[in-house]
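What follows is a set of structures to go through.
Shared chain: chain A. Partners: chain B in the first complex, chain C in the second.
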Partner chain A sequence: MTAFATRLGAAVAAPFALLARAIDLPLRGWQRLTGMGGMAAVFLAPNLAIFGVFVLIPLALNFAYSMTGGTDILLPDRPFVGADQYARLLDCADYSRAVTCREDAFWTAARNTAVFVVFQVSLMVAVSMITALILNRKIAGRGFFRAVFFFPVLLSPVVVGLIWRWILQRQGLLNLIVVNLGFDPQVWLNDRLYAFAAAVGVSTWAHMGFYTLILLAGLQAIPRDLYEAAEMDGTKPGRVFRRITLPLLGPNLAVVLVLALIRSVQIFDEAYVLTGGGPGTSTLFLTQYIYETGFASLLRNPGLAAAASILMAGVLVVLTLAQLALSRRAERR
Partner chain B sequence: MAGIILSGITKSFGPAQVIHGVDLQIAEGELMVFVGPSGCGKSTLLRLIAGLDRPSTGTIALDGRDVTALPASDRGLAMVFQSYALYPHMTVRQNLSFGLQNIRMDKAEIAARVAEAGRLLEIEGLMDRRPTQLSGGQRQRVAIGRAIVREPSAFLLDEPLSNLDAELRGTMRAEISGLHARLGATMIYVTHDQTEAMTLADRIAVMRAGRIEQVATPLELYNHPANLFVAGFIGAPNMNLFAARASGGVLSLPGGAELPLPGTPAGADVTIGIRPQHLRLAQEGEDAIEARVTLIEALGAETVVHAQTAEGQPVITVLPGQPPLTRGEALRLNFDPDEAHLFDENGQRIAR
Partner chain C sequence: MRLGFLLARRGATGTGRGWHWTDVATWVWLICGTVLMFGPALWLLSSSFKGPAQLAEFPPTLLPYVQAEVQVEGYDDPLPLYAVTLPDGTEAELAQIRRIGINAQMVDPADPETRVTVNIDDRAPIRSIGVATDNYVTPLVQNDFLRFFGNSLFVTVMATLITLWTNSMAAFALSKYQFRGRGAVMLLIVATLMVPLPVILVPLYSVVSSVGLLNSLWGVILPTVATPTGVFMLRQYMLTIPDELLEAARMDHASEWQIYWRIVLPLAAPALAVLAIFSVVWRWNDFLWPLVVLSRRELFTLQVGLNSYAGELNVQWHYILAMTVVTMIPVVLVFAVLQRFITSGIAGAGIK
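So, the complex of A and B:
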């Protein structure tokens, strides 16, 4: 067994060794020319190239698109319009009423997203917290349940959306149960409230495993001695949670809160597959608006979509800075 | 303040039994030390008394009241943990007040008790600091303070000094001793350090493998160890133990030395124990244990001499002053028969 493993290891390593020998001489030459600083550039270059091609250049292109008009796809064919697209998005008689805005779908999507974020993040933090607390106890089959709760995180959002559409559709699993219990079937995904609740619930279900894991790690990092000291001090369970568990879980909670917030603002795939934004525009979220404006609608408007995505990115930058500030504050404690 | 009585205590974790029938009475105001090697069950026994674990069988009585089934919080005991277990997000003041707030004590009373504990432990100036801003010794004081403010019926201390450096350990040992004298409280102190045990204890319970081997005052343990384990564990350096043959008043050692020892049984294999401090250089013509010096540790006031007999048996002796010995030198050692300890084949002390 060991001999086989050794031979296998050698076989796997052989091509890499060959590669290393091949690049050894040119790298030595380069180092002699440029010194150690030049070597750092060599090793950073591949990553920087990938980052540039897939992040920096698209970011710049997106910004350029947001300054152009028309329906053409290729940038050189598009006329420069300055900040017109932003002006169009922000043109509103009354910001509290989407219908008074020139781009009312954008404002509907923004409002929906804001409401979604409030409910989904609250639900996410609460559910992940409760799950982590339960999974942190000595319960039977703890390892199994930890895997079960994490499993949805591994699923493609499209699969998640399809599974839940199959459950919630008119002739789906949920209605089968409802009818068998003697109630009338409901058109879950055609009801504004139910559909919105489904989007909140499904996206929470799909991602909670990730946040549960972060919180569970935090809970396990709290020394058992502290709980025993609290027990000797005659602390009641609720007070132990409020005065010991919660404060010591603070850094993890801050991370969970802000990551969940950022992800929630970006809600798209599972909700789009589940409801398609409907009924009407009741589950139309910002990312879907951007996607449809830029690619899916008959009169596609890449410039407007780009401007909307830049505005959304601005919000995300603010949230990310908040995350950094929060975690730094938590670290200082 | 309370006396503590343990009766028939056993504790098993799954199939592993770690405490095997412990009976012990701790008097009111006594400072009892549980001492023994790692894994002997001393901390487990303390946790059973604290109520953090439940005994498998047996009862625990505090002040004559059976508390075996009571949760830790209802026993009125306070514990000082090896790790200190201070709440890291609270200030010293909050750490000290927390337990009192739990029982909804009057704010003025809490403030008074915290101030008093601060004065007693000289930590008044640290009240608004967090535990991470304190040194090891200061944290230790806060941990003790947290126990004091609750005015418990007994203090349980689980290796409280093991995370401190040697010098601080000595200082804190003296402080705990002084604290015990001032408070007059019942204390149970767990340690694996026999120096701590000897210096602090009113009585010591020496434990091995979940059993109490002997309970006695420090000097009683030193002078009259009940068995080979206690003899080897208490005292530094360790007691010299030689296999010997007793024949009515004379002891034959493997090297051929015949030493007169009154009170030895006739015709029995025994173990003779002599503390290094009780071995002295033999006079001319005296029958003696012969050995060669292998190592000399000159400490100034005394010299620890490691030697080996012709049979390969190690011998340690502590000689006063700075004797002019060199490595490899032949050594003839003898002892006062009154200071020798005899143990039978089962390792139990033979009374002489």
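So, the complex of A and C:
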């Protein structure tokens, strides 16, 4: 495989050899002028420039946006409104009921996202853990099955959404199965509960292979002799799992939890293509709220969208820090 | 549970070769998993070859069929062929001219002069396994899908090349040079791993719009290319390249650029290949950002175009399904050829 990669690299590089030689001349001059320190700057410059313009500047600008009003997209055209956008987002008569809030769509989206995260992350960790444990056994065709579970990870979210929309529609495959089992066919995505469950299930289906791989790598790094010693002592399998597998898998499990949480909070593409946020607002999630408030709705409000995105970023930061602290404590034990 | 207990006993005693209940569970899980993971895509593939009429049927058939057609004298278009039970009880193969309510007007292909009217319940279409290639041809030729495909291809290739170039240079500087602020730059890059697109959607849009890249494919490409994952992955790999190699080249008066281009890049080829594969898949699959930046139809990428066609009130599923398959093809090819490589790459790096 390495030989193949080398050849692939060479093939990609070949047309650029000429370009590289042309770049070499002016850079030699620059190197004589500035020495090694200057060269480091040259090598870093393109990446950092793109980085700065398209990540760091927007990150800083986001705070400015969240404190301005109006529908204009360019910052100089926008009037300063202070914390009004945040006040509007957080203005609720009764926080347990989204309808009493001024921005009820935001609270619906926030609640939906919270429920989604709880169910999706638990399902994701459980399913990928079971799959990783199974793939870690000595079974025939392990490489094949590892690939099988990884396959949907590569599919685009739009493709994933459309595949499942097609299966869940009225004349779809799921109804064929349901009817053959003797139940009534459903229009699955028109039902609030089923549509939500579909969003959870489909996004788990699409990404579990990735987490399975991380967990599998962790399982394979656990020394075999630990298990052999446990077997010789006649330790029960449940105890072996709790006392050997889980603690030694800790770091990988923490990575999986953090990544799954962070991605789950940002759920958008598959769910948007699958349900479009419906029926009603039952699968409206935060990213879709930000997208629609900022760009898609008739009364677009970039300031409100920016404020919502900062609140979401706050949640992400808190989640990440809490998770890191937890995993560090788990490691120390 | 009792069965499991019995099997467990059998596996644990004697030769140790019996089937433990966990073996049974393993294979049930693996086989169900295989069906669940590949099934939906195969169902999509099969459905994409069905005509509109067949797609509307319930229960759906597993394989695509095409209606047999026959050219009848006196009619311009080929007519669909049916197996008909005539009122006198005989069976015949007739071509349908038109359908009127619950009756269908039929004609015998061998005798185009006589027309018969039969109840639609007395006729069944004559079909054979076949594919409706029109599902693929029409959207590619008449709609904009060929253009969407081209746009996606352009974005993917350009973004990947720029990613490989800028990320490898940055990784080279971060792994092979000692300079002030190196730690800070590294920290900055790792920290931005945590900045997801939805969080900077609005200001990123305004930045892209003020540099004039709105409704341009470069507006889709440039914000995505400075991937922190790529820099991190390449740096880790380049750290394993011995510094003595670089020193030897410097003795021979090689310029720093030559060292990067002629020594470090070729040696980092395996890591570059992994990043190239990731980048191709990421950029091909990107959805939210192109959706925001591109509002002119002729600039849509495949993902955005597909979503726009699937969002119409009257969804033309026979075209959508076929184009979904087309959108899937490059990624499935990558998977089929390189899956071993990818899965070991992810397991090694632990990142995506």
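We adopt the following convention: the second predicted complex is superposed on the first by the 279 of 333 C-alpha atoms of A that agree within 3 Å, B and C clash if a C-alpha of one lies under 4 Å from a C-alpha of the other, contacts with A are read in each partner's own complex, and residues count from 1 in each chain.
Definition applied: a residue touches a chain if its C-beta (ideal position, glycine included) is under 8 Å from a C-beta of that chain, and two chains touch if they have at least 3 such contacts.
Predicted, not measured: the structure shown is a model, and the values here were computed from it.
When the two structures are aligned on the shared chain, A:Asn62 is found in touch with chain C, with no touch to chain B. Taking chain A as the reference, the larger set of touched residues comes from C, when chain B and chain C are compared.
Once the two complexes are overlaid on the shared chain, A:Phe54 sits against chain C while remaining clear of chain B.
By the document's definition of touching, of the two partners only chain C reaches A:Ala305; chain B does not.
Once chain A of one complex is fitted onto chain A of the other, the partner contacts of A:Lys236 are limited to chain B, with no touch recorded for chain C. When the two structures are aligned on the shared chain, A:Pro279 is found in touch with neither chain B nor chain C. With both structures placed on the common chain, the touch criterion links A:Leu248 to chain B but leaves chain C unconnected.
Within the superposed three-chain model, A:Asn175 lies in touch with chain C and out of touch with chain B [touch as defined at top].
Using the contact criterion defined above for the overlaid structures, shared-chain residue A:Glu228 touches chain B, although it does not reach chain C. When the two complexes are laid over each other on chain A, chain A has no residue in contact with both chain B and chain C. In the complex of the two chains, the chain B residues touching chain A come out as 50-52, 71-74, 77-79, 81, 83, 85-89, 98-99, 102-103, 146, 150. Within the complex formed with chain A, the residues of chain C that make contact are 22, 26-27, 29-30, 33-34, 36-38, 40-41, 43-44, 47, 55-60, 161, 164-167, 169-170, 172-174, 177, 179, 185, 188-189, 192, 194-211, 222-223, 225-226, 231, 255-258, 260-261, 265-266, 269-270, 272-274, 276, 281, 284-285, 287-288, 291-292, 303, 306-307, 310-311, 317, 320-321, 324, 327-328, 331-332, 334-335, 339-344, 346-348, 350, 352.
For chain A in complex with chain C, the residues that touch the partner chain are 1-2, 4-6, 8-10, 12-13, 20, 23-24, 27-28, 31, 36-37, 39-40, 43-44, 46-48, 50-51, 53-59, 61-62, 64-65, 73-75, 130-131, 134, 137, 139, 143, 145-152, 154-159, 162-167, 170-173, 175-176, 179, 185, 205, 209-210, 213-214, 216-217, 252, 255, 262, 266, 268-269, 273, 276, 286-287, 290-291, 294-295, 302, 305-306, 309-310, 312-313, 316-317, 320. Of all residues in chain A, those touching chain B in their complex are 223, 225-226, 228-236, 239, 243-244, 247-248, 250, 333.
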